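Order of writing sets the labels: A, B, C, D, E and F. Residues in every chain begin at 1.
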Amino acid sequence: MPLTHFDAAGRAHMVDVTDKQVTDRRAVAEGVVKMTPATLDLVREGRAGKGDVLGTARLAGIMAAKKTAELIPLCHPLPLSKVTLELEPDADLPGVRITATVRTTGRTGVEMEALTAVSVAGLTIYDMLKAAEKGMEIGGIRLALKEGGKSGRWEA
Amino acid sequence: MPLTHFDAAGRAHMVDVTDKQVTDRRAVAEGVVKMTPATLDLVREGRAGKGDVLGTARLAGIMAAKKTAELIPLCHPLPLSKVTLELEPDADLPGVRITATVRTTGRTGVEMEALTAVSVAGLTIYDMLKAAEKGMEIGGIRLALKEGGKSGRWEA
Amino acid sequence: MPLTHFDAAGRAHMVDVTDKQVTDRRAVAEGVVKMTPATLDLVREGRAGKGDVLGTARLAGIMAAKKTAELIPLCHPLPLSKVTLELEPDADLPGVRITATVRTTGRTGVEMEALTAVSVAGLTIYDMLKAAEKGMEIGGIRLALKEGGKSGRWEA
Amino acid sequence: MPLTHFDAAGRAHMVDVTDKQVTDRRAVAEGVVKMTPATLDLVREGRAGKGDVLGTARLAGIMAAKKTAELIPLCHPLPLSKVTLELEPDADLPGVRITATVRTTGRTGVEMEALTAVSVAGLTIYDMLKAAEKGMEIGGIRLALKEGGKSGRWEA
Amino acid sequence: MPLTHFDAAGRAHMVDVTDKQVTDRRAVAEGVVKMTPATLDLVREGRAGKGDVLGTARLAGIMAAKKTAELIPLCHPLPLSKVTLELEPDADLPGVRITATVRTTGRTGVEMEALTAVSVAGLTIYDMLKAAEKGMEIGGIRLALKEGGKSGRWEA
Amino acid sequence: MPLTHFDAAGRAHMVDVTDKQVTDRRAVAEGVVKMTPATLDLVREGRAGKGDVLGTARLAGIMAAKKTAELIPLCHPLPLSKVTLELEPDADLPGVRITATVRTTGRTGVEMEALTAVSVAGLTIYDMLKAAEKGMEIGGIRLALKEGGKSGRWEA
């Protein structure tokens, strides 16, 4: 199976999407940051006015979605029409669950934008809590849903 | 325990490091991209001239390390003196293991730079292989080692 | 009144504009940099070949308009189709009057682009003249006109 | 009086600071966003969980300080060691008062970083409230204090 | 003949393209990096696994094409739909021949994107080989072809 | 001869400069934009108030020098302490001669910053004059001088 990001000679290129349809496209990605219950308590206290870890991570994720084409070498620049992030403390992990939803009207999908938003939100959570716990782990980053375009709907 | 990225009133700020020592600092971070054996074969073929997935991801990770302070809201900008990434196919995962090492001579550590390099290398691997497999998962992103500065050496 | 940049739970998001009409949109913003008559003379001499303060500020404003979505967290990225800045010395202020006009064909307005262009042009004027006068003041930054889109024409 | 940002022939350049001392430097800048009492109430409600306008603007200001050398053409890139923003609702304006404090250890001052942080925080406040009031005005942006370096302390 | 990037008074502006047609546009640019035969041998060995100079330059050129509107002050931001670079060792130069092809569907052409891709690919080749030869020369950067838009096809 | 930008296995990395001396470093680079005499006349008229092509290109070159580490994948970020560009019309080319001088106090040289400044100034000249002449050629981009650091002075 050939990889679309390389030409027949194996050289990287930004794929030609000129002739693809402009359609509404949507992608949802998710991930988690795992931490100790004590660290998760700090996140929850933040909501009580002691420092809003999740609010900061949410903005970082939204802004990162807009930088995706700068970060991922062969990604097309796209005019995003929606970016939302949900960050929910989960005592069972324990940790924080991150979900990002991105929409555009364009010639390629926004999977990478959603995955980038989740990743940078996770990194920001790590940054804000690392004074308390250096051993946190960011993981489970994956595409949950993709809609629009020729290949249609895909769900994890 | 107070979080350093917030002041006493819970407001986010970029911590004052003016009075911290300028010392050599090093951080190592790691992560994985899990995929099917068939997709991993595509990565390995790339090395044989069919499209260099790992070489592209390596450069993306190095360039992302330099963008860390743009992505992570409260991160200090630092003049990095070294960035290396190792990306190794691992049939047991199956998938690719990513390790990033970053050095600086400065007033704060480079944990976030190393973690950002790993994350963006992982996202780039996903991007280049997503035509073959949308269900890949990026995970296990964590700090492995931190050296230099007042708090000294930390190892996972 | 609910603020559009937050969801029902008060969480920041980039508003979904996918279903808004693609129309021609235009915004005009204005502002001033107030300075002493002696400093304003330096600006005027610049036009006579001693260093073009206003030309430099004009370019900085145009380039900043293109960076708006990077600077303003919840702003949509837009393909600007026109950016112009007028910078006029005004002996009555005394100081410089700045006006920016921005156009796009898109799903949201360009008010923030015009306001950002004015602000950065003002900051650049300050930067170039601060060796002469540190007490200059940038102010009066406001939207003068907005056209296009569902909400129609608005004028200050 | 010659302007330092131009050479003898009036051509713009980035001033040579190679031979200047590396010292601790600090700058404080301030500004306001004026709005109706009704709009200011929306800001205050945000603090009560309906959407944190000031928290968003604070992060935007901090991140913008790090982008100053990208925005202001002749500004030197500097490794900032501290950035804080205070944003206080003021019923007398009525509106929001913004104060930014920036520190570095370097060869030039951080006035432009502090002024840029204030400006972008102000623009972000405008962006988040513009659905409620388009006529808000950003103003009073000025340097309040400058310390460090050969020219010493300056206060407005 | 008036230059389009200035208004009637000679002030720089970003030209208004709002009323231009959205059409498919393509540009091809080319350039060379001249070096000694010994240095060119290093490039060729890289292909044999000793360090992929051309692969690195190719990615740098693709990523630079996406940054064109940030680099060229009066350039319009455009959603690129294709970017490819060819880098071919040429013993007759001796050196490397670079060709970039860029496509978009938009209101202005992509000449600057193609020329920027060639230039940054050339700079990257220089960077990677400068330890071996500081006297390399980058040159012959020119537009080879332009298609689409009102002015039609142009070929060098 | 091994290339410093690759490790023993041929993998790209950002070279470790942690143990290199912090010294004053300077680089001078040069290049030309060749055009017809008629186009060169447009450049000269610009100086007479009809649109300042060279002033715009000078600023673009200075700003690009600050972006070098973003553009060149394996380049270290450096705090530049001086950037100047000279752009001189030359009837013998005919065209414009560009010279950039960059200084830093750091662990690596600023050759790439000087070469990048020349290249982007050249691209900007092309952009501003392309309505008059598409066949212009940018060339002769090379390092003229390098000083500071362990390897000492090098002159073309």
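Here is the rule we use: contacts are C-beta pairs under 8 Å (C-beta built on N, C-alpha and C of every residue); 3 or more make two chains touch, one makes a residue touch a chain.
Here is each chain with its UniProt name: A, B, C, D, E, F = Cyclic pyranopterin monophosphate synthase.
The structure displayed is predicted, hence computed values, not measured ones.
Separation of chain D from chain F in touch steps, taking the shortest path, is 1.
Both chain E and chain F are touched by B, C. Chains making contact with chain B as well as with chain F: D, E. In this assembly, C is the chain whose CA centroid lies farthest from the centroid of chain B.
Set against the Cα centre of chain E, the chain with the most distant centre is D. Centroids built from CA atoms put chain E at 31 Å from chain C. Between chain C and chain F the centroid-to-centroid distance comes to 30 Å (mean Cα coordinates, whole Å).
Centroids of chain D and chain E (each the mean of its C-alpha atoms) stand 36 Å apart. For chain C, the set of residues that touch two or more other chains comprises 11-12, 52, 55-56, 59, 63, 67, 70, 73-74, 79.
With chains as nodes and touching pairs as edges, the resulting graph is of another kind, matching none of line, ring, star or complete.
Every pair of chains that touch is listed here: A-B, A-C, A-D, A-E, B-D, B-E, B-F, C-D, C-E, C-F, D-F, E-F. If you check the complex, the residues on chain E that touch chain B are 52, 55-56, 59, 63.
Here chain F touches chain D in the complex through residues 24, 55, 58-59, 62-63, 65-67, 79-86, 103-105, going by the rule given at the top.
Contact residues on chain E toward chain C in their complex (touch as defined above): 7, 11-18, 69-70, 73-74, 76-79, 106-107.
Here chain A touches chain B in the complex through residues 1, 3-6, 10-12, 31, 42, 46, 49-53, 56, 59-60, 63-64, 67, 70-75, 111-112, 115-116, 119-120, 122-124, 126-132, 134-143, 146, 154, 156, going by the rule given at the top.
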